[in-house]
Amino acid sequence: MQRRDFLKISAVAGATAALEGCGNPDHQLIRFVPEEDLIPGIATWKPSICTLCPAGCGLLVRVMQGEAEVVREGRLGLLKMGLAKKLEGNPAHPINQGKLCPRGQAGLQVTYHPDRIQGPLARVGPRGSGQFREMTWESATRQLASQLADLQESGQEGSLALITSPLRGQKRAILDAFANHFKKSLPVELAFFDDSTIRAANLASFGHALPLTLDLGQSNYVVSFGADFLGTWNSPVAQAIGFGRMRTGRPGERAKFVQFEQRISQTGASADEWIPVQPGTEGAVALGLAHVMLAENLRPAAGAGHAGLLLEGWSEGLPDYAPEKIAAQTGVKAETIVRIAREAAAHDPAVAILGGAAAAHTNGLVGALAANALNALLGSVGKPGGILFPPLLAAKESGISLEILASQINSRAAAAKVLLVYNADPVFSAPAAWGVRAALDKIPFIASFSSFLDETTMLADLILPDHSPLESWLDDAPPSGSARTIRSVAPPAMHPLHNTRSMPDVLLDLAHQLGGDLASTLPWKTYDEAIEASFAALYKEKGTKIAKDADEFWQKAQDQGGWWSTEPESVPASPAGAPSGVVKPRAPEFAGDPNDYPFHFLPFASQLLYDGSLAHLPWMQEAPDPLSTVMWGTWVEVNPRTARKLSLQPGDLVEVTSPHGKLEAPALVNPGIAPDVIAMPVGQGHQNFTRYASGRGANPISILSPLTVEGTQSLAWAATRVKLSVVGRGKLILFGGSLTEVSPELEHR
Amino acid sequence: MPIPPAIYGLFPDPDSAERGMNALNRAGISPRRIVVMSAEPFDGYSFTQMDERTPMPWLAPMGGLVGGILGFLLARLTQEAYPYPLITGGMPLLAAWPTGIITYECTMLGAVLATVATLLISTKLPNWKPKLYDPEVSHGKILIGVLDPSDAARPEIENRLRGAGAEKVKIIGVSPAS
Amino acid sequence: MSRPAPGSSLYLSVVIAIGVAALGLAILERALSAEAMSAAEEESSGAFTPAHPTLYDAVREFFEIRSKPVQPIAYTHKVHLANGMQCTDCHVGVDQGPDARIPSVNFCMTCHQVIATQQPEIKKLAAYKARGEDVPWQRVYGFERSAHVKFNHAPHIRAGVDCSVCHGDMRQQTVAERKVDHTMGFCVSCHQQKNASVDCVTCHF
Amino acid sequence: MAHRWGMVIDLDRCTGCEACVVACRAENNIATVGEEQAGLSRAKHWIRVERYYEGEFPDVKVKFQPVLCQQCDAAPCETVCPTFASYHTGEGLNGQIYNRCIGTRYCANACPYEVRFFNFFNPVWDKPLHLQLNPDVSVRTVGVMEKCTFCVQRIKAGEIQAEAEKRELKDGEIRPACVQSCPPEAMVFGDLNDAESRASRLANSRRRTKLLAELGTRPKVTYLQRDSWHGDENA
Amino acid sequence: MATKTPEQINDDLLRPLSGISGRYALSAALLAGVAVAAFCAFFYQAYTGLGVSGLRWPVFWGFYITNFVFWIGLSHAGTLISAILRLSNATWRRPVTRCAEVITVFALSIGAMFPIIHLGRPWLAFWLFPYPSERRIWPNIHSPLLWDFFAINTYLIASVTFLLLPIIPDMALVRDRAAGLRKKIYRALALGWTGTPKQWHRLETAMHVMAIVVIPVAVSVHSIVSWDFAMAPVPMWHSTIFAPYFVCGAIFSGIAALLLAMALLRKFLHLEEYLLPIHFENLGKLLLVMSVLWFYFIFAERLTTWYGNSVGEMPVFWATQHGSYAPLFWTMMFCNFLIPVPILAIRKLRSITGTAIASFTIVIGMWLERFLIIVPSLSHKYLTYSWGTYRPTWVEITITAGTFSGLALLYMIFSKVVPIISIWELKVGLRQVPHSARIIVEPKEVGAD
């Protein structure tokens, strides 16, 4: 017996003795004096904001008294405190109207995650070794402040790099002020499934650099090109609410919904008509529909206005897009295009949506412009049942892309001396071809605000863990999901469990330590002061009718979860004058020779893990994927015909090789995928991301080609071709037994 | 209780035992004082025909009846009467078929128990007290004897037993004084 | 008659020994891991974590053996009630929801800042406050976790059930003691008398 | 009149998003079992969204069907339980009394909908995930069955609240977690004894079906089948 | 054929009771080892949770309930067959009844343990017992498991008494020939039996009444076991044929087990002169009848299912016919029908070895039959989304093996303690049996007068 075992056994003996005195306080942890006075067993509901995806839904947090084991002033003890017990949608919030998607509900587990970083850490081992030591907030902020001061003093202000998730509201304002102070360091906004292509298209077509806001509840005909708008795309909860109304919410009326894509997505599964289309030809189909409408005089060409004129050949009736001409290229039968064009034209209001993979081809921007033109032709822009643009409260300036930052660093075109990472995992969410990992290695000092040791935070020199969203002040100004103007705000729903600090608070603290200009542009001591200030401004602009003074306005906003206009305030399309450049639609480009790489590779957003940023939540890992029913893993989807051709059995481990790398994952036969397409969910494949996600599955992002969407800096993540080979037997955990309801033949587990 | 005085003969086979029995009967010994023991049952011999009347075949159904009633009451009362009827949202708490099954099984159990009880009581088993017995019985001999014979009758009984074919005649429990 | 084969009994004992050892190891391993869990439970909201962290606990619960709570401070209900205080003065929330609040040290000290400050037990109280600690009161009543009872005080109080029905006469108790056994029979008889629901799901869910 | 709780699920609205699945897990303290146990089919999902494919590419269709305890009026699970752990409550729910359950798992076999889940081990929450547990709901222990309760804790809380305020329950006041969360509002919960409740009215829709109705279990969950687009006739 | 005096019969049949051979001790130790391992496995399972077994959603019953049905079925070897033979006054039965009844008692005890072994919370098994508790609730009489509780207990009590009553005279026999401590023990066990005509008569009457009672009990026990399944709306369980089908299967497996036990006893206890070819011949014929009857039942069940073509049942049907369970199904068909029927039908093959082989395959086949009734149905219920599989773990396999060796061990111990052939009944039979089955007794000279 080893000494350790002996100690363990004697500990058991001791513990048994201790149990004898169960009711004896001497054997228990100390209890701290409660910080708040709560009645046990009675729930209070506090408003909050969901930060897990860009939709910006409003939350209600159910808070009840509980006893948490916490460290306070270096002592471990028990504290009676208000604990968030459940997240529900805020019924007053215009976007999600009391509803919430599965990911948002699982946000609760971010706060209580067992692997949260509980206090500031400094790297001790070699970079990437994951060895850190604990430190105080004072020394942590001092260390970062001195790094930044060094940059200032040496005149290398441009050497500060910032990588964040797309931010809005005052958080964004504080970060921007900080970045502006350090010249040219606009934050790199990193979101794998970003909407910049759509924004760019909307800016060109309609003059608004905004994502789409759909008014599905009043639509009568919906044509969607690749947009998983009921699952993960744009503002899914708002869209799902509208979808429900459009289906059976209006007695006697039921809209039709047609989905064009390569693989039945969760959204496609709800479609009345699902039509497979060749990858990258979604825009061509949209133009084909427009062609029919123009050719049959269902709509006047001029009706599309600016959005139409942007496209070459529009005024001539898009002669190149006659249904027969594009049928072979798109894989959609001519008569289908004609029929759908007629149906859409006959069922006002009809709306076209393009997004997801359709916008992530090299010609994605043109596709989006084509869909915009189709919407304009249908007359659904700015109309109920069409697409809307809420007035945005704060304009938004974008930095460079991560790809450019990485290439600049790697090619020594630019030096980054200090990198701040907030709410982003660039190592995970960038193709290996971008060389992000190598670039990060070249940065002398990396500070991360992450709550978890993810792939990027592993490389950090300093970790300044943020509060969980439920523990911190939040504000938001969601740009889509509702035609109302929205300014969300929420005080913390609960006290922090750990020794963490809110990122904006840390930045404000840093600003004060650095002093000078920065301190004067950021005059607030805390983040909530900054939010309050913005609400004071908002009061003057919008709130004088609802509150007698700014304080009352501020209080009401906190109680309600924000301020929003009572009526839709959609702004009309206002393109800046005549089209500057006419766009010529073109075919998509793909990385990889079709002979060597016979399959299109379609990564898609996981309904539960989103872009991988939620892979650390056990609820998300164990919830079965809606279509594949996979739990705790990843998979590669193959058409049954393709599987037969490759003599591939469900559950076989396959190697997916692209020109930029390869990965292995178990295969799953999916009857709803095109035979020449291989699909794989994004989300798994984390090397480091807590006990629940680390080392699980493969990351499809890593093998993507670095092609970008033409005309933007966005990654064309659907533009990679791959080949497939069976390498062994994989492990696949499925919840569902059979693919089909009646046939016993497809039993596959 | 000490073993009562007795005189008995050990017969090697049922035919001789039959003769012994007849001899004792002829001697006018009360059948109630005659003891017979054997290692196996002998049907069709007069020496085994005593005590053949038994209410057992009647007691078994009676036991079954009692068991059945108890089973029925158990099923019924536990579900409906005592101490409160469970709430089952309008679903039947008691149904005929299951009650029938429980009643049936309890009936059978009652019959079994009644039979066993009748057997044990009527044969006074178990009874570990010392009593008249000879291990020779288990070796295949048939014991026929007379309990508590009077001193006067003893020689005659002995003679008669020997005359009928007893291999051995044993006398036990008689005090030398008498 | 032959002698037992040499080693046969040895074999038997070896097999038995292996079996017993395996069982022992399994229990020990379980106990070790359960130990960690039980620690977590004791420290956290005990009522909501799985029952039977150890075999010992399980056996005790099976035979309904409960340890007697030892209170850190000899709080006297008798004196407080004699001084005209009401139950709900301290046990706030009992008429609003499921649970009754056990007051924190702050609440006690609002009065005992000035009242009876020289009593030894009050000095203990003040010492807790000075250390920044709450008083670790021990649970007196409460259902076993495995009973899955979701008791709600408020409806009982609204129905006019006196506190003493379930908690005994607190005017006679100093430190609270378990005067009434909260068995299911106890609850059910009262529910029957008062014509309250005896549906299982009234209390167990 | 006693309540008789029922649910209507509109399959024309259901998008298969799994919001109900996670809401249920959060509300009802359903433990995650981890990868290994999930691989042994021991994951517990009181509600699941069944997905069925129909047809072959390119004419493929997918059907989503959320399945939870159907709270049958003639429930096969109730009669087979030897200890009354599974029984019919006064409000017509299929009650599951965990403390009375000895773990025969007979109810799970009898249930044609496979909505009953067994605690093969004591559930474990990695600290401090246990702080998220809902104090209104029991944490089931090893060896007992569990299943959807129609969020009986919410029903009880609503009834107690109404009683405290001396009023009748309003239609839609009580919503199980799944119904509450459902973004397209595919699920409606209500009192089937109240003919005016939304659930009662929807349960009489022309699209109504019951899952495995042919088994005679008389479920209280009604499914409204997916409608087809009839725009052409209208046009 | 040898001729035997009653004294020789006593000697032959009491010989196994004295002395322990090395071979006996070794095999007992082996069996005990496996049984102890099974106990350990059970305690491990009870302590950790049923998760250590291979059960899962949706297959919540597996090896344990298979064993339960199997053992309860096997228990029909004894009491039922013995009772039928007693009532029909089949004189050849006499050397056979006790070894049959012993199987009943032990198989039933083991079988009755399985519903407890398989519980999620076995320590609460006593809640099935209708006793007044402070919780004030009683068991649910609607549950077939409660019927099981009553039926099995009734059957167990009846079987135990049915076995024990005729043992009393044999205990007296042993008592008279033993010495020392053994004598004291057997004296106690003999209950003071002396062998008076009254005792003999009451004993025989009691046995007659018991035989009448026990037959319907035995039939009801396996009917109720079948209703554990048939009462649930599970595809291919919910069948009216189940009760007779199970009873038939039970008698089938019971006779097979009996033949197997007899063959082993004959060999190891040297009872060649008592367990005669005629016994194997007669029981073998009975086994043949049961095999055909069993085939008739499974054919009727399969045929109606196939014609019924119901959406719910066909997946189970096909899973067993040519799906994932087909190998087991066809093994079962071989073991229960295709192998035993020729062996038992051809007179030449119906030897002791032949019947033993047939019995062995039938025991295996009937175990598989129970498994195939339970698992494929559970893994293919109505909603195809919920289809699953089942794979036992070492815990279930150990416990299963433990019960088999437990039965063998109990049998070995029993045959060491009690004459495995009812001596007094045998002797009675010697005066009645037909010539072919007669153990010829040399007439002894009438003692000198």
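As written, the chain order gives the labels A, B, C, D and E, with residue 1 at the start of each chain.
We adopt the following convention: a contact is a pair of C-beta atoms (placed from the backbone, for glycine too) under 8 Å apart; a residue touches a chain by one contact, two chains touch by 3 or more.
Just so it is clear, the model here is predicted, and its values are computed rather than measured.
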Chain whose averaged C-alpha position falls nearest the assembly-wide average: D
Chain pair, B-D or C-E, that carries the greater number of C-beta contacts: C-E
Greatest separation from chain A - chain, by CA centre: B
Mean-CA-position distance for chain C and chain B (Å): 60
Geometric centre distance via CA averages, chain B-chain A, whole Å: 89
Distance between the centres, which are taken as Cα means, of chain E and chain B, whole angstrom: 30
Euclidean distance of C-alpha centroids - chain A vs chain E, Å: 65
Junction residues of chain E - those touching two or more other chains: 48, 136-137, 139, 142, 146, 384-386, 388-389
Residues within chain D bordering two or more other chains: 41, 43, 48, 50-52, 78, 84, 87, 89-90, 93, 100, 122, 127-128, 130-131, 133, 135, 142
Sites on chain C at which at least two other chains make contact: 40, 44-45, 98, 152, 188, 197, 199-200
Set of all touching chain pairs, with the criterion as stated earlier: A-C, A-D, A-E, B-C, B-D, B-E, C-D, C-E, D-E
Touching residues on chain D, where the partner in the complex is chain E: 37, 40-43, 48, 50-52, 67, 76, 78-84, 87, 100-106, 108-110, 112-114, 117-122, 142-145, 211-212, 215-217
Complex interface listing, chain E residues touching chain B: 5-7, 10, 130, 132, 136-139, 141-142, 146-147, 150-151, 153-154, 157-158, 161, 165, 168-169, 172-173, 175-177, 187-188, 191-206, 209-210, 213-214, 216-217, 220, 224, 424, 427-428, 444, 446-449
Residues of chain D that touch chain B when the two form their complex: 74, 78, 84, 87-93
Complex interface listing, chain A residues touching chain E: 629, 736-738, 740-742, 744, 747, 749
Residues on chain D engaged by chain A in the complex (per definition of touch): 10, 12-19, 21-23, 25-27, 32-35, 38-39, 41, 43, 45, 48-58, 60-64, 126-135, 177, 180-186, 224, 227-232, 235
